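After the C-alpha cells below, expect a handful of questions from me.
To keep things simple, chains are lettered A, B, C, D, E, F, G and H as they appear, and every chain counts its residues starting from 1.
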Amino acid sequence: MEDKLIIKGIEFKSRLWVGTGKYKDFEETARAIEASGADVVTVAVRRVNIIDRKSENLLDFIDPKKYKILPNSENLLDFIDPKKYKILPNTAGCYTIEDALRYSRLAREAGVSDLIKLEVIGDEKTLFPDVCGLLKATEILAKEGFIVLPYTNDDPIMAKRLIDAGAAAVMPLAAPIGSGLGIRNPYNIKIILETVDAPLIVDAGVGTASDVAVAMELGCDAVLLNTAIAGAKDPIAMAEAMKYGVMAGRLAYKAGRIPKKLYATASSPLEGML
Amino acid sequence: MEDKLIIKGIEFKSRLWVGTGKYKDFEETARAIEASGADVVTVAVRRVNIIDRKSENLLDFIDPKKYKILPNSENLLDFIDPKKYKILPNTAGCYTIEDALRYSRLAREAGVSDLIKLEVIGDEKTLFPDVCGLLKATEILAKEGFIVLPYTNDDPIMAKRLIDAGAAAVMPLAAPIGSGLGIRNPYNIKIILETVDAPLIVDAGVGTASDVAVAMELGCDAVLLNTAIAGAKDPIAMAEAMKYGVMAGRLAYKAGRIPKKLYATASSPLEGML
Amino acid sequence: MEDKLIIKGIEFKSRLWVGTGKYKDFEETARAIEASGADVVTVAVRRVNIIDRKSENLLDFIDPKKYKILPNSENLLDFIDPKKYKILPNTAGCYTIEDALRYSRLAREAGVSDLIKLEVIGDEKTLFPDVCGLLKATEILAKEGFIVLPYTNDDPIMAKRLIDAGAAAVMPLAAPIGSGLGIRNPYNIKIILETVDAPLIVDAGVGTASDVAVAMELGCDAVLLNTAIAGAKDPIAMAEAMKYGVMAGRLAYKAGRIPKKLYATASSPLEGML
Amino acid sequence: MEDKLIIKGIEFKSRLWVGTGKYKDFEETARAIEASGADVVTVAVRRVNIIDRKSENLLDFIDPKKYKILPNSENLLDFIDPKKYKILPNTAGCYTIEDALRYSRLAREAGVSDLIKLEVIGDEKTLFPDVCGLLKATEILAKEGFIVLPYTNDDPIMAKRLIDAGAAAVMPLAAPIGSGLGIRNPYNIKIILETVDAPLIVDAGVGTASDVAVAMELGCDAVLLNTAIAGAKDPIAMAEAMKYGVMAGRLAYKAGRIPKKLYATASSPLEGML
Amino acid sequence: MKLTVNGETREDLKAATVQELLDELNIQSGRVAVEVNLRIVKKADYGSFSLHDGDAVEIVNFVGGG
Amino acid sequence: MKLTVNGETREDLKAATVQELLDELNIQSGRVAVEVNLRIVKKADYGSFSLHDGDAVEIVNFVGGG
Amino acid sequence: MKLTVNGETREDLKAATVQELLDELNIQSGRVAVEVNLRIVKKADYGSFSLHDGDAVEIVNFVGGG
Amino acid sequence: MKLTVNGETREDLKAATVQELLDELNIQSGRVAVEVNLRIVKKADYGSFSLHDGDAVEIVNFVGGG
C-alpha cells in the first residue's frame, strides 16, 4: 500500500507539489497548500524589503488591517511551516548560468536543505529553459552537493544528459509556465519515462485536474503546479481538485487500465435473456 | 458545500455510478463498488437459474467452496444491499422497443423503484443505441410512471427529444460500451450541456480516471461506468481511482479553471531580484 | 488508375463536392467552383423573386452595374452550367418531414435529376439533423424514385438504417454546419466505413484543407463543403486548397501509409559510416 | 502569385523536400522523387564500396540483372540529376560534434554547394538531436561558410539560439524520425514561427499527406520527409499525395481559413423559404 | 382575381394559367418549379393548368446553398 | 401439466399457482419478477394466480450488468 | 560609511558587521541569506563579518514563487 | 605499401597519389570526397597528393539518406 516517492533519500508523501506564487495573500497561500495535500512547496528567492520595519510613522499611513502584507515581506515561512512542508527554492527569473548559481547558493544558505529547483530561463515570452545553460549549471551544482531538480523541456536526450550531469530528477514542462494547456506532447513524456532512469516530475503548464490525472496515468512520479491553483476562480477548491486528480491518476496508473478498442463489448451478460 | 445531484426528487450522493457486470465474483463486485464510493449500481434483468436448488446430488459433484456462484444466480442483492445502494436496472441486450418495454416492466416488478436505465440497442458490434426506438420506448415508459434514464448517442437533437418525451435525464455515450476510449466528442457533450435542460450522465466508453475527470470538468452531472473498473488489472484500485477522478473533475469544474494561453506567465515575482 | 465514385450508376469525377451559398456574388461562386475542381454543386430551393422584372422604373433606382444581382434571383444556373456540373438540390431549412418532402419534390421538378441532398433539421442552433424524421423522409423519397443522399449525424446505427431505408449514400457531418471544426469524431466515421456498405460523403463542419485530407485518409468517398471555401479570406485560393486536399488524402489512403510508432527508425543507412 | 521559398539567396521551387533513403532501388527512388515534385533531395555521405569494380569474376557470381545495385554504390547521382535537384547532404549517424563537422566538410567536398542538413544525434532509440552539440557545430560550420540547416527538436529557445549561431533556417522535428506520428506539438511549432525570424522546415516524423497539410497550414515554410514515402505500400502514389498535401496546406494557409465555432451557421439562405 | 404568389397577395395579375402567370411575371419556365395549392404542376401542364381565385401559387428555383 | 419455465419445457412440476411454482423451484419470491404468457404477475397475486397446461412462465431477477 | 543594501545606497546605517546590519534593519537572521560583494556570508559568521565602506550587501529571503 | 582504405587494410595497391588510387579502384573522382589521415584532399590536389605507407584514406560519396 505504500507508494512513496523517494529522491536522493528524501521521502515525499505527496505526489502533488505546489508553488506559492500569485496568491492574493499569505493566508490564501496557506489555505490552498493545506487543501492541496502537498508536502512540497516551491518558493522564490528575493531581496528582503529593507524599509525600516520599526518606523512607527509608516503605520500611520498604512493600516495593516486594511492593506495586505507585501508579497516580498519575509513572512512567507510564518504561513508555511518548514517542519510540515519541504521547502523547494527555485531560481525563477535567472537567465544566465551565473545568476542561477548565485540564487541557488543563496537559497541553500537561507533555507534548510540542498534541494534546488533549477531554472535557467531562455526568454521572457515562453519562459522555456535554456537547456544548454541548464545542463552546465546542473553539473556545477550537483558537484557542490545540491539535490538538483532541473526545470527542462520535454526532450528525452536533454533529460538523459541532465541525469548524467548529476540531476536528482527531471522536471520537464507540460506546456509553457502558466499556460494551462496540459501535457502537449505525451509522447515525449512517455519516451523520457521509458528511457531515463530517474524520477520525473511534470513541471509547469498544467491547467486543471484532469491534466494532472493524465500526467500521473502516463507514469510520471509527481506534478508541480502553481498558476492552475492560484489563478483559479476558487483556489481552495482547485487545490482540492488537484489533490484528487493526482490520487486518481496515480491509482489508475497502478491499477492497470483496460485497453482501448474501436468496437464495443457488452458489460451485461447475454445468457439468461428471455 | 452541498453538491448533490437530484433527479425527479431522488438524491444521489455520488456522481460516480457503477455497473456490476464482468467481475470475477460477487465478492469482488461488492468490494469494487464499496471502493468506488458509488451509491448507484446498475444491474441487468435475467432469467433465474431454475436448476432444482434443493437437489443434494448436484452438490456431490459441484463443491461450492471450489466453484464460484454462477453469475446469474439470484444472489447479487445479497452482496449489494438495496438499502445502501440505489439499484438501477438496465435493459441491456434489448434490440427492439417491445423487449425494452418488457424488461423495464419486469425490472420494476422485481425491484423497488421506478428507475430504469433504458437501452434499445442498434447492433451487436457497436452496441450503439437505436435512437428512434429509444425515443418511442422512453415516451411509453415515462407515461407509465418510470423514471427513464435513456442510454443514447451524443446527438444534441436526440438528447432534446428524449427529454421532451419524458426522460428524467440523458445518458449519452462517451464511446462504445467497453471500448475505453473516453469522451471522443467533447463538443457534442458540451452542446448538450448548453442546450438541454436536464441532468447529463455520461454512460459507457470511459477507460480511466482522467476520462472521468474530463467528463466532470465539461460540466456533466455524473458518470456511469462498468468495464473500466471490472476489466482493470486491479479492479479495487481502479474503483478508488474513479472515485477520486469524479471528485477531482467536479471540484475543478466548480473551482473555475485558468484560461488556456499559447505563451507563458511567470509564477514567481520579478520584483526583488538581485 | 481510374478512381471514380459511382452512386446509383452516376459517375462522379471529383471527390470534392461544393456548396454555392454565402458567396459575395455569382461570379465569385463560379470562380470558386471552377478552382475547386468539383463536378457536383449543391443548391437550395427558394422562392423566385417576383418583383416585376420588366419594370423599368426599378432600374432607374438600382444600377445593375453598381449593385450585385440578388442572391435569390433565378440566375444561379447562368453561372453554374448544369451540363458541366451535377446539380444537387438540398432541403436546407426544412424542420419537418413534410417540408423536406415538399422541397424535394419541387427540386426534382425544377431540376434535371432525381438527386436530393435530404436535410431534416433538428434545431437552429446546431443545425444537426432530426434523424428519426430523416429516416422516414428517406424511406418515402426512395420509394418515389429519388436518389436520396441524407445529411445525418455520425451515428453508425443511423447510417445503417438510412441505407436500409433506401438511401443511396450517407452524408454524416464532420461537425456542425459552418463550424470549421473538422472531423470531431473519426472513430464513428471509421465505424460507419467498416460496417455500412454504401458510399460515405462527409458533409458539413470542415474548416480547412487538412480536414479534408484527414477525411479522405480515413477512407471516406467524398467530402462536401461550402462555408470553408465561401467564408475564407480568399475563397478562390481556398477552393484550390480543397481540391488538392482531397487529392492528397485520397492518394495517401490508397498508397497505404506507414504505421505509427513511438520510437525512431533511421532513414539513412548505418553501413558505410567512417 | 509567386510563392517561392528563398534561403540565403537560394530559391526553392518546391516546399516539399524529400529524402532518398530506404527505397527498394535507385529507380524507385528516382520515380518517387519525380512524383513528389520536390526540387530538394537529401543524401547521406558514406564510404564508397571499394570492392574492385573491374574484377570480372565477381560478375560470374552476381548477376546484375538479377541483383539490385548496392545502396552504397556511388551511382545515386546517376539517378538524381544534380542539375535538376538541389542536393542536400546530411550528417545522419553522427553522434558527436567532431563527426558532424567531418561529414559536413566531406559532403561539401563531394558535392556542389555549401548546403548541409546538420544532424548531431543524441541516441539511437529516439534519434533526437543532441541540441547543445548541434548548437556548437552550427556555429563552427556557419563560420566556415556552410549554409547550415540544423535538424533540431521543437524547442523555441533552441531554434532562436541556432539562428543566432548562424543557421540559415531551423528544421524542427514533427516527431521521431520514421515514426509517422505527425506534428505532435503544434503549439511549439507555432511559437517558433511567431518568435524566430527564419525559415522553418519541418523535418522528420511525418506519416501521411494530412500531416504535411497541417504543417503547412501552421505556416511552416517547407516539409522534409523520407520514410513516409519510401515506407508506404505504394511509394509513388504516396509521393504524389505528399506533393498535393503541401500544395493544399500552403494554399489554405495563404487563403485564410474560417474561424472555428462550437455552433452552426447555415450555408443556405433562410429568405425565400416557402 | 386574387392570387397568393410566393406568399404575397396579388390582385393585379391577369394570368389565367400557370404559363401566363410565369410570362406575366417575366419568369423563364425552364428553371423553376411551380406548386398550386401545395400540388406540384408539371412543366408540361403549365399551359393547361388554370388558376382560380384564391389559389396559392409557389414558384421556386435554385439559389446558392450548401 | 406441461409448463415452459424460463424457456425449458417441464412436465415434472406439480405447482398449481405461481407461488407454488416458486416454492417448488426453491426461489425466494422477494427478489424476482414473474411473467406468465407475457403478462406480468404482481407479487400480491402469486398465491392466487393459477397455472394452466401450456403456460409459458418467465422468472427473472437481477444479475450483474452495466 | 556608505553601503549598498539590496541595491539602495545608504549612508545612514551604523552597523559594523552583518549581524549589526540585520539588527539595525530589524531583520530576523534565521530566514535570510546574506551576500557581501557577491560572496555568501555563512550564518555563523554574521557576528564577525565586518562591513566596509563601499560594500554591496544583498539580503534575501523566500517569497511566494512557482 | 600498406594503406587503410575505407577501413580495410590493403597491401596490394600500387597507387602513389590519390588520383592513382581512385583510378586503381576504378572510382570516378567527380562525385567523391577524399580524406587522408583525417585531412580533406581537394579535388585539384588529387594528382599531386602523395600517399605514404600507413596512410588512412577515406573515400566517400552520396548514398540514399533522409
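The rule is simple: a contact is a pair of C-beta atoms (placed from the backbone, for glycine too) under 8 Å apart; a residue touches a chain by one contact, two chains touch by 3 or more.
Keep in mind that what you see is a predicted model, and the values were worked out from it rather than measured.
Participant: What is the set of chains touching both chain C and chain H?
Facilitator: D
Participant: Chain by chain, through touching neighbours only, how many steps does the shortest route from chain B to chain E take?
Facilitator: 2
Participant: What shortest step count links chain B and chain C in the network of chain contacts?
Facilitator: Steps on the shortest route: 1.
Participant: Can you spot which option in B-G, A-G or C-E is basically C-H again, with over half of the contact pairs the same by residue number?
Facilitator: Selected pair, repeating C-H: B-G.
Participant: Quick one: point me to the chain whose Cα centre is farthest from that of chain F.
Facilitator: Of all chains, H has its centre farthest from that of chain F.
Participant: Where centres are the averaged C-alpha coordinates, which chain has the largest centre distance to chain G?
Facilitator: Relative to chain G, the chain with the farthest C-alpha centre is E.
Participant: If you average the CA atoms of chain C and of chain D, how far apart do the two points sit, in angstrom?
Facilitator: About 35 Å, centre to centre.
Participant: Using the average of all C-alpha atoms in each chain as its centre, how far is it in Å between chain A and chain H?
Facilitator: 57
Participant: From the C-alpha centre of chain D to that of chain H, how far is it in Å?
Facilitator: One centre to the other, that is 30 Å.
Participant: Among the residues of chain A, pick out those that touch two or more other chains and give their numbers.
Facilitator: 19, 21-22, 44, 46-47, 71-72, 90, 92, 102, 125-126, 128, 176-177, 181, 187, 191, 226-227, 230, 262-263, 266-269, 272, 274
Participant: Specify, in ascending order, the residues of chain G that touch 2 or more different other chains.
Facilitator: Each of 7, 35, 58, 60, 63-66 in chain G touches at least two other chains.
Participant: Okay, in this complex, where on chain C does chain E touch?
Facilitator: 19-23, 26, 29, 42-48, 50, 52-54, 71-74, 76-77, 87, 89-90, 92, 102, 105-111, 177, 204, 225-227, 230
Participant: Which of the residues in chain A end up touching chain B in this complex?
Facilitator: These residues of chain A touch chain B: 19, 21-22, 44, 46-47, 49, 71-72, 90, 92-93, 99, 102-103, 125-128, 176-181, 207-210, 212-214, 217, 226-228, 230-235, 237-238, 240-245, 247-252, 254-274.
Participant: What does chain H use to touch chain D in their complex?
Facilitator: Contact set of chain H toward chain D: 5-8, 25-28, 31-35, 38, 40, 42-43, 58-66.
Participant: If you look only at chain D, which of its residues touch chain A in the complex?
Facilitator: By the definition above, chain D touches chain A via 122-123, 125-126, 128-132, 135, 153, 155-158, 160-161, 175-176, 181, 184-185, 187-188, 191, 195.
Participant: Touching chain E in the complex: which residues of chain D?
Facilitator: By the definition above, chain D touches chain E via 266-269, 272, 274.
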